[in-house]
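What follows is a pair of complexes built around chain A, which joins chain B in one and chain C in the other.
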Partner chain A sequence: MQLFPAMFWITFFLLIPLGILVIYSFWEMVGTRLIPVWDLHNYVDVFTRIKGMYIRLFFKSLAISALVTVGSIALAYPVAYFVSLRIEKYKYTWLILLMGPYLVCWVILVLGWKMVIGYSGLLNYLAQLLGLISEPMSWMWNNWWAVVFILIMGWAPWLVFPMFVSLEKIDRSLLEAAADLGAKPMKRFLRITLPLSSPGLLVATFFVLIPTFGEFVTPALAGGSKGVMYGNAIDYSFTAMMAWPFGSALSIFLMIISLVVATILIRIVGLEKLMESL
Partner chain B sequence: MFRCIFRDIGEKGFKFYFFLFIAIIYLPLVLLVIFSFNNSILMGFPWRGFTLKWWEQFLHNPTALGVVKNSFIVASVAAVVSTASGLLAAFVLVRHIFRGKNLITYSIVLPMLFPAIVVGISILIFLRSVLNINLSLFTIMIGHILFALPYVTLILMARLIGFDRSLEEAAYDLGADEFTTFRKITLPLIMPGIFVALFIAFTISLEDVVIAHFLAGAQSTIPVFVYGQLRRWSGLPMVMAISAFMIMIMAVLLIISLISARRGY
Partner chain C sequence: MEKKDVVLENVTKKFADIVAVDDISFSVKRGEFFSLLGPSGCGKTTTLRMIAGLEKPTKGKIYIGEEDVSEVPPFERPCNLFFQNVALFPHMNVSENIAFGLEMKKLPKSEIEKRVKELLDVVGLPGFEKRRTKELSGGQAQRIGIARALARRPRVLLLDEPLGPLDLKLREEMMIELKRIQKVVGTTFIYVTHDQGEAITMSDEIAAMKEGKIIQIGSTEELYNKPRTAFVAEFIGRSNLIRGRYHKGKVNLNNLNKSIITGPHKIADNDYVAACIKPERISIGEDIANLDNVFEAVIEEVYFRGAQINYKVLMEGNYKISILEHYKGKIFEEGKKLKIGWKKEDVHLSEA
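This part shows the complex of A and B:
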């Protein structure tokens, strides 16, 4: 009975809509009318349309997501390590301060980064002021590097938190014992700290990988024509092209990969760990 | 001795990296706020003097103000409804053992496992083609309630797992009925958790652009409005004022969470 409200939202606005998405992926759309044809032509289209551009986009987005995941974790891990093992007072104050930029919506964050790396951004301005370049550097904006860079910088602050949680759990006496037995700092880190903080790394992966794969806002604003991602293709087919069945088929691939990643990570880490990190 | 010097450099480097990290992640936001006062039609460097023009445009633009109001209405409703639904579910899931419990837990977590774009479009096609409902603020609320639900439920479940039930048992032993126990013991103890959940749901709704992008009708929220403006590259400097306004709201939310963290929430 008490489960009713939550299950109402889940059933009516997630499970049933997802079911309809699956059904539509087998249909056809003529104008604004949906026709039940029940065949696989949308799935075939995903592989063949525009010389397989969509499937290439799929793998490109997968590569971008992997790069963003590795990059943002690499940037955030030392910060989490510093807060957990070096700062003694006001740890949580620093943590909340680190979370700050994540509270701002992506669109505004992208606009902010445009002020730094865009054509009339800080870096181009400084470089011109110092006489290093005569014209704004065009390689910094409107390509997929800009997208990757912004996504990494946007996710990194948020990832400090799950990694901090697992670093805090490490029994400090283990490190002391290792030091007493003569282990050097590097060895202590590689043999104790890193393995014991791996649940945090996995939770962080989970937090970044899935949303990044469906990303379309950052590429639309900072990627130009070269930085398009899979999410943009889905967005276009629903908002601009009015090709719902094809868009549904595209989304099914996205759903499958998200579910695979999520299942693997939840199997390894468990829902409890995910809960602690929120 | 050399090793000591190296270690010292290492430690200093750590500290340097930490503060550099904080400076860099705040740099774009600080620049946005500063340049929302820049007297230039172009968004960006160089600085051409101070002006309140863009802020005046923003504060006199009925569309922009309406959008701000919409954002707060949607975020408040989404926060309250998702927290209430999540709280009820969390109680059952933590305190009772029943068949299919895992299935229900996972289905509540499900919206978190998909990219927001999938949640957005599936609700869109369901509302438009099956229920034939026109898009409005109400449809954005539905999307946000659903998207915030897993976060809220997990947070409240974590609080309830750490809850000392002997306090409730003591109340029962002393003759309190179920409702009194809930009101006098349970509710005050989980109140901090409820505040955290409300805060998170409110923030999720306020900053979401993906779901609102698909579910917004004529009335939109701040992120969708800014996204639309940026895509069309028109009316730009005013967008900077709106963005600066959003950043200031973020700062207020941040200060609220800092104060509550000090109080030990």
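This part shows the complex of A and C:
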């Protein structure tokens, strides 16, 4: 009974809409009318429509998500490490200061980067001013790597937190014990710090990998036609294409794959450890 | 001359403005069980951490063997530390924990396996290789911690209050166990504790510390029988202290117009001293003869401990005195007025 409020919440705001999505994925849409046909043609379409473009887009998005995950962890881990193990006073103040510039909405963040790396952005302006190039470089904007770059820059500061928490939890006497037993700094990091902070890395992976998979704002703003992601395809299906059943099938497919990935990740580290570091 | 394993020369450690260790010097002989004994905050742990290389001395030099290790990082020092909280690596099993230090030495696998097995035998836990650290009891974890610290065959094993977290019974077992292990491996042990019982039971030599300084250093018996100051006397063996001025073979008491006969000492007349009398050297009874010092007393508390009885009495002049007596079938009751006494040889004079 104690779970009732939570169950009510989940049922009405998650399971019912999700159920509708599942039902739609087996229907068909003609014009603006939904027809219950109850077959799998939408799922077949996910793999075959436009010579498998959607499934290729899916794998491209997966690659982008993986790249963003690795990149943002690589950027955030050293920061978390530094704050946790090297800074002694005002650790939390430093963390908050670090977050400051990122407490804006995502759209502003993306447009902010446009002013730096966009066609008429700061970098192009400075490079022209210094005479390094004669006309603006166009390879920095409106493609998939601009999307990757902005996603990394946007996610990294948030990842500092879970990794900081799991680094803080490491008993410092373990590091001293390792040093005492002959481990040099690099060995100490690889044998003690890194494995003991792995739950934080996993939380970070969850944080980034799964939301990035369905990302559609950043590619819409910074990706141009070359930087389209799977999330944009879902978006178009429900809006411009007026193909709700197909969009539902795309969504459900994405959800199933996300669940599989999440399950694998949890299996690697164990749910208990994961919860400890949250 | 006997070989010295560890030598500290005028070592001082300051943390900001606080002097944790104040110009101490001592040396530890090869194969000795040496204890640093003192109340918390006396600088004993800091001293140990400096020997281990985890803290840098502000001043002074530390030698291990013949080598000046003052500038040597901890991972290159020929000593290992047993941590207060054991600090076993939680993500490794027992054999991986013990093997860690050996892997850092890049020994071949077969040799590491052999050494791990050997060490588990030494600490009395054969067959524990694959156990996870979470599955170990407090006492088992301690033994594994000791095995891990001994794995690299250090010249010196440093122990920081290793028995602190254990309950009394386990602590007594581990004391005997530690001493046995030390004899088996023959390594020099430097042991930090605030527990005089632990120090007395295991040590060959004890350095009593207070406020960053060493007050007295010597064999266990020496510190027990001849404490140099009242602090050492109170800390070790719980002596009874009666303060007064020394005058020609007597101590004239502060609170009482009487004196304690001590026999001649090399102390200037009229110096303040503390007369220490061990609880087990004091006789108690209704009729005491042939003793140099006899005083009136009232029994305030009686603790029957089986083989021994501990009386807390109030001696004339308001001195609280503790007496330990072997139980021979007779106990005095609380409130009883009687006499207590001791011989002059049983009085030791310390700095007040």
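As a convention for this text, the second predicted complex is superposed on the first by the 255 of 278 C-alpha atoms of A that agree within 3 Å, B and C clash if a C-alpha of one lies under 4 Å from a C-alpha of the other, contacts with A are read in each partner's own complex, and residues count from 1 in each chain.
By our rule, a residue touches a chain if its C-beta (ideal position, glycine included) is under 8 Å from a C-beta of that chain, and two chains touch if they have at least 3 such contacts.
For clarity, every value in this text was computed on a predicted model and none was experimentally measured.
**Q** Mind checking chain B and chain C on superposed chain A, clash or fit?
**A** Chain B/chain C on chain A - fit side by side.
**Q** Check the residue A:S134 against both partner chains and state whether it touches chain B (first), chain C (second), both, or neither.
**A** neither
**Q** Looking at the overlay, does A:I192 come into contact with chain B only (first), chain C only (second), both, or neither?
**A** Only chain C is touched by A:I192; chain B is not.
**Q** Looking at the overlay, what does A:L181 touch: chain B (first), chain C (second), both, or neither?
**A** second
**Q** Touching A:L14 in the superposition: chain B (first), chain C (second), both, neither?
**A** first
**Q** Vertex at chain A, arms to chain B and chain C: angle between C-alpha centres to the nearest 10°?
**A** 80
**Q** One more residue to check, A:S225. First (chain B), second (chain C), both or neither?
**A** After superposition on chain A, A:S225 lies in contact with neither partner.
**Q** Is the number of chain A residues in contact higher for chain B or for chain C?
**A** The partner with more contacted residues on chain A is B.
**Q** Touch test for A:S173: chain B only (first), chain C only (second), both, or neither?
**A** After superposing on A, A:S173 lies in contact with chain C but is clear of chain B.
**Q** Which value, in Å, gives the least CA distance between chain B and chain C in the superposed three-chain arrangement?
**A** Superposition on chain A places chain B and chain C at a least C-alpha distance of 11 Å.
**Q** Share the list of chain A residues that count as touching for chain B in one structure and for chain C in the other.
**A** none
**Q** Under the touch definition given earlier, write down the residues of chain B that touch chain A in their complex.
**A** Listed in rising order, the residues of chain B that touch chain A are 7, 11, 14-15, 17-18, 21-22, 24-29, 31-32, 35, 42-46, 82, 84-86, 88-89, 91-93, 104-105, 107-111, 113-119, 121-126, 129-130, 142-143, 145-146, 149, 151, 153-155, 157-158, 200, 203, 206-210, 213-214, 222-223, 226-227, 230-231, 239-240, 243, 246-247, 250-251, 253-254, 257-258, 261-262.
**Q** So in the complex, the part of chain C that touches chain A is made up of which residues?
**A** Per the touch definition, chain C meets chain A at residues 52-54, 73-76, 80-81, 83-85, 87, 89-91, 100-101, 104-105, 148-149, 151-152.
**Q** In the complex formed with chain B, which residues of chain A make contact?
**A** Touch list, chain A to chain B: 2-10, 13-18, 20-21, 24, 34, 75, 78-79, 81-83, 86, 92-93, 96-101, 103-116, 118-122, 124-125, 153, 156-157, 185, 210-211, 213-217, 220-221, 231, 234-235, 238-239, 244, 247-248, 251, 254-255, 258-259, 262, 271, 274-276, 278.
**Q** Going by the contact rule at the top, pick out the chain A residues touching chain C in the complex.
**A** Its residues touching chain C are 171, 173-174, 176-184, 187, 191-192, 195-196.
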